[in-house]
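Structure, as structure tokens:
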Amino acid sequence: MAAANLANPSRFLKIASPAIPWLGGLTVIAFAVGITEAVLSPDDYQQGATVKIMFLHVPGAWLGMLGWGVMTVAALGTLVWRHPLADVTAKAAAPIGAAFTFMCLVTGSLWGRPMWGTYWVWDARLTSVLVLFLLYLGVIALWRTVDDPSRAARAAAIVTLVGAVDLPIIKFSVEWWNTLHQSASVFRMDGPTIDPSILVPLLVMTGAFTLLFITLLLAAMRNELLRRRVRTLRLMQASVVG
Amino acid sequence: MRLAGHDLTCRRGGRDIFAGLNFSVAGGEALMVSGRNGAGKSSLLRMLAGLVRIAHGDLELEGGDPNLTIGEQAHYLGHLDALKPSLSVAENLEFWAGFLGPPTSSRSGPLAAVGLDAIADLPAGYLSAGQRRRLSLARLLAVKRPIWLLDEPASTLDASGQRRLRDFMRAHLAAGGLIVAATHAALGIDGAHELRLDQLSPAFAHATAALAESEAVKVGEP
Amino acid sequence: MSALAAIFIRDMRNTVRVGGGALMGVLFFLVVVTMVPFALGPDLALLNRIGPAILWLAALLASLLALDRLFATDHEDGSLDLILTGRPPLELVVLVKGFAHWVTTAVPIIVAAPFVGIFLNLGGRAGTATVMTLLVGTPALTFIGIIGAAIAVTLRRGGLLLAVLVLPLTVPVLIFGVAAANAAVSGPIPFGTPFMALCGLSLASLVVGPFAAAAALRLEME
């Protein structure tokens, strides 16, 4: 019932608008805890303080992929169920996902310089994340190119579904190809291989960034809905003048 | 001010559209160019604006600015409205006022005169065909030029739009301006001269002759 | 506001608001550059050696992007008729339109080039040199391309024709641009020699381009 209510854009606005400041506050608290823990966490015996880049890099990677995941579900919503909020979600998620992917690429590049001696290598993990970033930019460009939102939504949905192929490639790239990038160390069948003194702040930071993602997504969806109302009102205004 | 054409010929794609055209129109006068489709109404206006080369004959303007061409002293209103859909109503007019310049003192006056001042901030892409035509009419008011070349100015305009157009044209004539308009329907300007292009087309003359001939043959067959 | 400023402001507004605007050129540039290592393999030494050439080729292709629409949209909405008959010299209008296109297309590419260079292992000296050559060389690309844009104005599928016409003419720009960038890294010739030649090409095309394009527009539109 709640989900069906949320599907109505007006209902969504009524519920989301007051929720956004609360989520924002929660995000700030989570960051306060996460950053404190991250600063207090011990340095790596090999990498020294450089290892702290991980607290930005890993959440960036996770949310970059989550963003496309959200868009993929929304794309199904647009194409299959014709859900009224689906294309709003998809449009709102694209720039946010792109920003987190960009954060992942930049922090990775800065981490790579001291570790590998270069800002960039063309290895499978890095390349597949770069492809994800390019896909994001392409979808954003598509949204901006097509004027009519519902036509843009269907076109973007198809691109999103095709682009979703990249997600498993990113995930398994470290196992399928020989790469410089280290393999998975948190989500493993046999449990995490990271020491708890680093794992705990990493999880808190990831949680904080995820809260930030949700807050931004809801705010962007609200803005998009209001933008569409403005558009409709202006079209009506033009026809009233005669 | 007087605009006159002597023995004008328009050639498009190797064939004469009209030939031997003479006309003369003075300041305060309007010339209504009529004729069937393809008779060369638009071509004549484009010729006056300087967009189509004069194949034969000449055009002269008495009492204009000798340093400017006829087109540079004229407003040309073609079939297309010359608007960018991404720019707002006001921005579109602002551009043409700046380009055709210098604009008349009042900035919002022309938009109010065409009845679009309430939606000045809307993108021109939101406008209907009639509203777009009114917006392009606003540029005739925004920049003062003595000659108006209007190609089917009333098409897409509703009754109130046509009334406005008539008022603008009357005011322009009263101020000593000069109008050449191609039109199917009467625009309601009293004392306008009429120029019928049908008789001037060589192709038309040829076709009517052929038609008359075949009629004669039919009549001849009992 | 002068007529030329009006054109500049209108073109800037229109490009930024329509179709992703400046984002599109940079995105195209980025995608072309990233495709090269996929084709060549991830050999960083090789990429570093041919990096300037790749950046230049990508910039060349990206700067032709959307150039075919520069006059075509104005032709389709009727603006070009008014621009052709307008008082400002057509050559200057073309120059201003070209400049607006350069600002919205080439400048973002130049700004992005040092960062995109990281993918090609181009750092420090080589990166700076390539950006410098792009800064002085891209005006030549725009103003050679603008001739093709004027020729393709009435054609429906002008984009491909534009590339076919324009790319051979940009060969000298490509040669001196890449030569200057390479000279800065490896020698043996000093950076200044090809760099000056590149500046010369840009200045020459700044003059030749608008005149040739204006002549083409006048002929096309008759």
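When the chains are written out, they are named A, B and C in that same order, and each has its own residue count from 1.
Here is the rule we use: a residue touches a chain if its C-beta (ideal position, glycine included) is under 8 Å from a C-beta of that chain, and two chains touch if they have at least 3 such contacts.
In this text the structure is predicted, and so the values were computed from the model without any measurement.
J.: Name whichever of A-B and B-C has more C-beta pairs touching across its two chains.
T.: Contact tally favours B-C.
J.: Going by CA means, which chain is nearest the middle of everything shown?
T.: Going by the distance between chain centres and the overall C-alpha centre, it is C.
J.: Determine, using the mean of C-alpha atoms as each chain's centre, which chain is farthest from subunit C.
T.: B
J.: Whole-Å distance, subunit A centre to subunit C centre, using C-alpha means?
T.: From the centre of subunit A to the centre of subunit C is 34 Å.
J.: What is the distance in Å between the mean C-alpha positions of subunit B and subunit C?
T.: Roughly 39 Å, centre to centre.
J.: Could you grab the centroid distance between subunit A and subunit B? Build each centroid from C-alpha atoms only and quote it in angstrom.
T.: Roughly 57 Å separates the two chain centres.
J.: For a test of understanding, state which residues of subunit B touch subunit C in their complex under the given definition.
T.: Listed in rising order, the residues of subunit B that touch subunit C are 46, 49-53, 68-69, 71-72, 74, 76, 78-84, 86-87, 91, 94-96, 98-101.
J.: Name, in rising order, each residue of subunit A that touches subunit B in their complex.
T.: It is residues 147, 234-235, 237-239, 241-242 of subunit A that touch subunit B.
J.: What residues of subunit A sit close enough to touch subunit C in their complex?
T.: 109, 118-123, 127, 130, 134, 137-138, 140-141, 144-145
J.: Which residues, counting only subunit C, touch subunit A once they are in their complex?
T.: 19-21, 23-24, 27, 30-31, 34, 37-38, 41-42, 44, 47, 118-119, 121, 123
J.: Which residues of subunit B touch subunit A in their complex?
T.: 115-116, 118-119, 122-123, 125-128, 131, 158, 160
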